[in-house]
Amino acid sequence: MVRVLLALLPALLAQSAAFGPWVAMQVLAGVMGALIAEVVVLSLGQRSVPVAAGDGSAAVTGALIGLCITPLAPLWVSAAGAAAGVVIGKHAYGGLGRNPFNPAMVGYALVLVSFPAHLGSWPAAVGMGEIDAITAATPLDVARHAELARVLGIGVVVPDSDPWPWIGAAYALGGAWLIAVRAADGWLAGGLMLGVVITAGVLHLLAAGHDPLFHLLHGAVLCGAFFIITDPVSAPAGRRARLIFAMTAGALTVAIREFGGYPDGLAFAVLLANAMGPVLERVFGGTAR
Amino acid sequence: MGALGGAVGIGLATLARSTPDNSDALVLRVDALLPQTQCAQCGYPGCRPYAQAVVDGEAGIDQCPPGGEATVRALSHLLGDEATGVDARLRVPTPGLVAVIDETRCIGCALCLPACPVDAIVGAHRQMHTVIEAECTGCELCLPPCPVDCIELRRP
Amino acid sequence: MLRAMPGPGPARRPTTDAAVVSQDIVRLPVPEQLLVPLLRGRQRVTVAAGDRVMAGEIIVAPVDDHAVGALAPLDVVVSGERTIGTATALVLAPLAGALPGPVLPPPGDDPAALIRRVRAAGVRGYGGGGFPTFLKLREGRERAIRCLVINAVECEPELASDAALLADDAVGVLAGARAAARAAGATRIVLATAHPDTASATMLSGQGVEVLGIEAGYPGGDERMLAPHVTERRLATGERPTAAGVLVLNVATVHAVGLVAAGLVPCRRFVTVLADGATSRCVVDVVMGTPVSEVLRLVGPAPHDSMTSEGGRMMPRRIEDPSWPVSPTTTGIVVSPSIPTAEQPCIRCGLCVPVCPVDLAPDRIWRALESAATEDARPLGVEACTGCRCCDVVCPSGIALGAAFRRAAADLRESDSMAAAAERARVRFERHEARAQARAERARERRPRRSTGGSRGAVEAIVARARKRRSRSDAGRADLVRHDRSGPGDDE
């Protein structure tokens, strides 16, 4: 788990460089919220708190939620989301190793549907001139609204610098290291990206969606591929089952993005794939690898 | 929505009622979980009749002392019954004991031969009787008929 | 020289260097007391306390079909029996000046005679498994194996007992291999070793033994991993090498068979002593039956809060009482600090799957065992687990998987034998019931005749029975005895 936190550092730096130092505060708020919730729940149980809390899984959940939540939101949103993720997404199912859903995504989804306004906007990337801050839609939002604007005949401002591909690359860097030291399963990461690319590619060919590269590099796909879908607890066992699981999540991400109500569908796509996990394991898992 | 749900519910219930009751297969499955001691402590003359009674709903799943808690748990798992332990009124026998005939006291009366539900006693009228250790289930049914009390239960 | 194939699993650790083998071997003298562990119920002691027994005489006899016996290794006086922990051991006091030497006429070329002597001498797997060698030789003969593999791979890291034997007495190993091959019916002898370039391997190669170099790596020395190298046929889960025409015996076992074939009683073996701290490793040549505590005197007092185990670091078998003797299964003695293990829950990382040498999925088996569904672990192959503990080593949560799987396999075996006994009882019960029914039927058929005939019919029936009885007694004693032998109510 400590290695996962280390691997998130490049992404933390990239996101801070793009959106300002408040990113780090959100991460801190998330980690604090998660750890406090973890200690409270563990002390209600019978296992030794220092040993059980020391496994670092809550900290990872908190950090991921902090990174996924816009720096413009109040800090309590990250803390609350992280705490909810740890309690409802992990401990309610029996604690470490027993949760069928990804705790970070559970927390994020809860916060997203509870406080949609707070999660609405990301800051414009630093480097747009003398203006201190502009709230602007993310490129994904822009893409949606650009379509709508085209239909309605309204002009839309598109920011020049787009930090998201760089942030994605930072996630990929940390993630690639995790795969190299065998702390993450490459089949899950690759499967998600493959699912995204294939689905986006098909839709793009049918002129119903954006090009695959856009989908891959924007939003949380790269973060999701290396840090979210790779949570081994909520993934099915068996290489084949894992590949299908991750590809399904990728396909659903693109589908929700293109046809659904949210600009970034990764969280719900992952949760839906988690729900399919046990069935996939039973059908495709086999008895050994 | 409500009407749809109601229709589906009624349809499923009718289907469940109309499919033939495969209780014979269920009796076999229950019987397979019983220890086959054939001791009749459950009140039925053998494990198969008890299995039949369980499936018919006449007997609870906690009536088998030689099966112990493991059997109650296995039956509960199969049938969805809530019982957790053997009926407290029944005496759970020590597992793994077998009957042994003291040959110096046996008088060859052959009364224990038909008592054994699995024919584990070899002998004949006025000939020595002995229990085949490998086949004895420890059901203790041979102890009462013996007029000289020459049978006792021991570790094999 | 046969081509070596890469070993299995990423849990590779270097095994012994060839250079290490030439170190001095410490030869321990005959101790004051020798202990022979007994299998209660399966072995029977044939001597009594106070008996003076000469080398080669039977001291323990097997009771069931799969047990072995024991012969006195030296001239001894029987002291009695002693309990060590939960086991019993026969205690022998060697007579002063007793030395091992040929004590019995060699069993000759007849394979059956050699196998009988191997059984009587108590030869079991010296590689740590302890499986009765006579059963393996007999199975090899029955399955018409063609190849005998001398297993000197010794994949347990840091152990050098087999290497020491090969360096010390390769001639004895060759003689043993030839005897074992004759007994099992093998025409081909292969030496499997991680050091194919040593002088011993070269010597054996010159004598017609094929030398197979195996890449160092644990658990490459398991017989199931060796057989495919020789037959190029993978074993199915649960299959033994004899199914592929190969018999694998540890090199020390082979050597022991050679001793038996020469009329000797195997009484010594090489043991690697590993003690953290002290003299890091030494190989001793010790008489089997020597208490482990005597061997440990060589390496100094054990640090406080350490534990002693038999075997190697990967598959240790804990020795609770240090007076437990060295036996054929003591490949090594390990003194290590007893670290309490803090097990975390399984996070399903899946790292245990690629390291399993028999292609099991330890994560799924563990999940089945965790939810107390041991039966669900059966289709996942838990019974094929070799207990190598490669999965233990890589598990980030520190779960003792190997131990749990062996327990589960034992539980499954027990529930299988109980189910088989229950099935037998059920069949016998059904036949018993059928006979009782038939008897009742016949009794019912007889009764109406009595009641419908009225009192006259009853009297006639009684008279008829009396007449029959008299004619029977006239027919002679033989008939009487024959009839008497049938039990009550038995009219068949």
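Letters A, B and C mark the chains in the order given here, with residues in each chain numbered from 1 onward.
In this section, contacts are C-beta pairs under 8 Å (C-beta built on N, C-alpha and C of every residue); 3 or more make two chains touch, one makes a residue touch a chain.
Only a predicted model underlies this, so the values are computations on that prediction, with no experimental measurement involved.
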| item | value |
| --- | --- |
| Chain-level touch network, classified as line, ring, star, complete or other | line |
| Chain-chain pair with the highest tally of contacting C-beta pairs | B-C |
| Chain centre separation in whole Å, for chain B relative to chain A (CA means) | 57 |
| Distance from the mean Cα position of chain C to that of chain A, given in whole angstrom | 54 |
| Chain centre separation in whole Å, for chain C relative to chain B (CA means) | 36 |
| Of all residues in chain B, the ones touching two or more other chains | none |
| Interface residues, chain C side, partner chain A - complex | 342, 344-351, 353-354, 356, 359-361, 363-364, 379-381, 397 |
| Partner chain C, residues of chain B touching it in the complex | 31, 34-38, 46-48, 110, 113-114, 116-120, 123-127, 134-135, 137 |
| Complex interface listing, chain C residues touching chain B | 418, 421-426, 428-433, 436, 484-489 |
| Sites on chain A touched by chain C in the complex | 51-52, 55, 57, 95-98, 182, 185, 232-233, 235, 237-238, 285, 287-289 |
